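Some structures to go through are shown next.
Each of the two complexes below includes subunit A, the first together with subunit B, the second together with subunit C.
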Partner chain A sequence: MNLLDIRNLSIELISNKKPILAVERVSLSMKEGEVRGLVGESGSGKSLLAQAIVGVLDDRWKVDADRFHWRGNDLMRLSAEERKKIISKDVAMIFQEPMSCLDPTTTIGEQLEEAVDTEQLTGYFWQKKQQRKLAAAQLLHKVGIKNHEVCTKSYPHQLTEALCQRVMIAMALARRPMLLIADEPTAAMETTNKGQIFRLLASLNQLKNMSILLISHDLENVTHWTDTLTVMYSGQFVEAGTTKQIFEKPYHPYTRALVDSSPKANLQLPAKSRLPTLPGSIPILQHLPIGCRLGPRCPQAQQQCVHAPKVKNYHGHQVSCHFSLRGSY
Partner chain B sequence: MLLLTILSFSLSFLFPGNSVINMSGQVNATAEQLSLLAAQYQQNENIFSQYLAYISRIFSGDLGLSMASQLPISSEIANLLPATVELSLVALLLAMVTGIPIGFIAAIRHRKASDNIILTIAMLGYSIPVFWLGLLAILVFSIQLGWLPSAGQISLLYEINHVTGIQFIDILLSDSQYKWQAFQNAGAHIIMPACVIALAPATLFIRLARSAMLEVLETSYIRAAKAKGLTLQQIIFRHAIRNAFVKVIRDVGLQFANLVTIAMVTEVIFSWPGIGRWLIESIFHRDYTAIQGGLLALSCFIFLVHILTDFIYAALNPLAREKKHGT
Partner chain C sequence: MSALLQVSNLHKFYRLSGYWFNRKTFTALEPLSFDIQAYKTLAIVGETGSGKSTLAKLLVGAERPSGGKIKLNGQTLQSGNFKQRCQHIRMIFQDSGTTLNPSLTIQQLLDEPLALNTKLNEAQRAALIRETLQKVGLLADHMNFYPHMFSGGQKQRISLARAIILKPQVIILDEALASLDPSLRSQMINLLLDIQQQMGLAFILISHNLGIVRHFSDDIMVLCGGSVIEMGSTAEVLNKPKHKYTKKLIMSQHFQLYHK
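And then the complex of A and B:
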């Protein structure tokens, strides 16, 4: 059974003039123990989608979906409170720029302790404080922070960015989630720290069978750590499949361009030549093209592309394009 | 501080009349006394040593005599300043205790009816002139309803020795058998002026607190806390309030100078025996020495409160507490 099953989820920005469809009919499904990458340029709505899943979007955004199932429960039918209860129990999220996601005036220890679920604590109320402390220390050990006493006493600004991200992961683990959504967890981090964080996430996935939705704009890096990939462009679903399928035989022109633009994928490229890229840049929210939003930049675009294409499924490799590159391989 | 003393020093030249008389307040001095004073103030030297002489006299506690009453200014200030300190601190406390929580509530209920109502009331309260409000309050609460006394610091029936000058502490220190009645009476006297003073700053605090809270609620750590599964109350009480309060407290010190100005006007209306009323009276009497001295004392007080709020800010905000490290 799918852990998370989202079909045709749309997110609308309610503004004074015309509502803007920031994310248009995106589908996403996750199995237990799966590491799925969600890839797209900045501004393609990946973070929005993640925040919509966790339910932390404010009331300017309107979320709508044909299907939004969590382990068989239809979340769209539940009230906001019930949804929040289920989601906050099983889904945790870590954000980019971890330092700004920690309360600057509270110590790490306090923030960790409040994340610990009361239901996990056994004992009388006078023992709970001690247990919370212990649980917080254990969480820090789990994410590889050995010196927990120093860490719990310090404020976020006293720690490095990578250490803050570890703390954020520790907080996310506090409720023993089944799904961890990592929204660009290593943005603005050095390469060594990046590797550490990804290895930590990978080990959590293997040891605890925790599913991870890894959001990134860096296709090349993500392929090392993920089993399956979903590609988004400008708020639209582009392509989904196993990492191997996507990386070796992309069906969508956009994914093709994305793969081509990474230097590792085309080593046969002559030295000092330009990497192939698509012309133009991602459209802004106020001027979205109709139909397939890649249309104006797409090398294959034809008249038909002013209508949004339907998602086609080829053995689990889904693609949303009228003129998929399937025939060219 | 240096600027303050320079300003006060220059006032003695800017006021009409002899600068020695302006500084010392010896109106009826003989020629010999005057020449003695001139020597003391080093009038014949250059302006810098004049200034140094003036400073050293201030530090020795000699602010001259009042031109109107021929009493030493320093003792007058010692008598009157505590009453103003008491009144303005009570008003500040009142303004903070009411204004900041209301502002927080408005922010939490952003863009709802209660938010709009609070903002409207805040706007109205800020626009009401204080002397009009004071007179209206006297008219309603002391004359028509007769609930509260209209003037003074305490009823004349109670004999309280002047120890610190702050009425409430004096009452507690005195061994009168009517201590608690006196305490209640002093409380009844301070309510109305304090409320009148507190209104305008309170409305300001409402708006400051509201915008600070809105800013905090937009930050990513609040979003992260939401994703952690905390309830709204937990988020507000554990994270939002402290961070918003840190932002507000920085502005409280700035608002205090404003509050003291309002307090001066209110002291006149409620015949509060404080330094503001005395200062305004001495302006009427052309009592230049008193103006200089009173100005200096009042500014020092505001200065102290500024430093105090900075300390509270540092205590609340770990970011300001220590030197910045490289990140």
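And then the complex of A and C:
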């Protein structure tokens, strides 16, 4: 069964002039135990989408969707409180900069104990404090921190960034979520630390059957860890499919350019030669092109591209382009 | 051909606080030597705390070395002489957004190094700024814009324009490509390679991303804990790493490739 099923989700920024469509009809579905990568450059709306799923967007944003199901429940029909109840129980999120997300004025231990769910504690009220402490220590063990005593007593600034990220993951695990949304968990981190965090996420996925939505701006960083990928560009859906499909036979010109322009993926290219690249830069939110937003930069753009293309599905490989590259393979 | 930049026995240590007889030092950089030719790129890789940034600071003159010599075209660079150095060795930083003064227009930004270091008059300076902006793929009209009006990729181009406007011989790229989006990053790599060919620059590239290092550089230097572990041509070192640390570094990035 699909854990999360989103069809044609749009997010609008309400401003005094004209509402701006920041995310336009994006579909996303997640199965249980799946690791899905959500890839897009800056301004592609990937973080907005994640925030819309968790439901932390404020009043200025209007979320609309044809379908927004969480394990069969239609979230759009529920009231805000009911929705919050479901989401906060089953979905957890970790953020880019762990150092700045942790409270600098309290110790890690106190913050972790606060995150522990009261319903999981069984015992009389005088036993609860001890149990809470135990639960916090167990959470730290789960994320691979062995000497929990040192860690619980220290403040966030005393720990390294990778350790802080582990603590964040431990907090996210406190309510035993079914879906973990990781919004660029390893940005600005050392390569060796990156590996550690990804390995930890992968092991959680394997052992606890937890689904992970891995958000990243760089295609090449996440491909090793994901089963399926969704690519976004400037708030529009571009392509979705298994990692292998997308990496070996991208159907969309944008994905093709991303794969081609990554120096890591082109080891056969002679050193110091020119990399194939898309011209131009990412459009800003105030001046979005109509129709397919890649249009002005796309090497294959034609007149038809002023109308937004419909999503086509080829054996689970979805692409949103009038002139997909499917025929060229 | 003699080397453009010759570095011999350059090292740096910091004095830690302590009593006179009990003074401790922290060695940031062990003595190291290398040289770079024009048209070549040297990549420096290593983890944080390996001394990459210290080396960059020493070369650009932001810190005084504890010992050793830096020679440019056979001429020794004195550690206090910024006038001599800032014309020949320039640096581009990681975060282009914060290194540009937000209260100055691009023209004022680029005019500053010219006014301080050259004897050109105002019209000549404006012409040179125009020419340099075109060289980095921007329009001459962008002169009157402020930094916040540009996107991240364009800001990085302005940083590049500021670096090349004095016609330097060496440019140090301190993680200059790390914060850019992938499609803009490859544009920037192409631009840097073109400018290297046009102007005969030597680049010193400090980077985490071994894919970029492989594509961009001719030679590579692996630093760990302030000392050079491995040095040689990029293709050789990346294909046949000798040291354990280099192997680990390559493994931690390359396993992502095998999957493909």
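FYI, the second predicted complex is superposed on the first by the 329 of 329 C-alpha atoms of A that agree within 3 Å, B and C clash if a C-alpha of one lies under 4 Å from a C-alpha of the other, contacts with A are read in each partner's own complex, and residues count from 1 in each chain.
Definition applied: contacts are C-beta pairs under 8 Å (C-beta built on N, C-alpha and C of every residue); 3 or more make two chains touch, one makes a residue touch a chain.
Only a predicted model underlies this, so the values are computations on that prediction, with no experimental measurement involved.
Considered on the superposed subunit A, subunit B and subunit C are sterically compatible, since they fit side by side. Of the two partners subunit B and subunit C, it is C that touches the larger number of subunit A residues. In the superposition on chain A, A:Ala92 contacts subunit B only, with no contact to subunit C.
Residue contacts after overlaying the shared chain place A:Ile197 against neither subunit B nor subunit C. Of the two partner chains, neither subunit B nor subunit C is touched by A:Cys151. After overlaying the two complexes on the shared chain, residue contacts for A:Ser261 are found with subunit C alone; subunit B is out of touch. In the superposed model, A:Met171 lies in contact with subunit B only, and not with subunit C.
Residue contacts after overlaying the shared chain place A:Asp103 against subunit B, while subunit C stays out of touching range.
Once the two complexes are overlaid on the shared chain, A:Ser42 sits against subunit C while remaining clear of subunit B.
Of the two partner chains, neither subunit B nor subunit C is touched by A:Ala135. After superposing the two complexes on chain A, the shortest C-alpha to C-alpha distance between subunit B and subunit C comes to 11 Å.
Residues 51, 54, 56, 84, 88-89, 92-93, 95, 97, 100-106, 110, 114-115, 155, 157-158, 160-161, 168, 171-172, 174-175 of subunit A are the ones touching subunit B in the complex.
Partner subunit A is touched in their complex by these residues of subunit B: 219-221, 223-230, 234, 238-239, 242-243, 246, 316-319, 325, 327.
Those residues of subunit A that touch subunit C in the complex are listed here as 41-42, 190-192, 194-195, 217-221, 223-224, 243, 247-248, 257-258, 261-267, 269, 271-272, 274-279, 281-282, 284.
Those residues of subunit C that touch subunit A in the shared complex are 47-48, 151-154, 181-187, 189-190, 193, 208-212, 214-218, 234-235, 248-249, 252-253, 255-257, 259-260.
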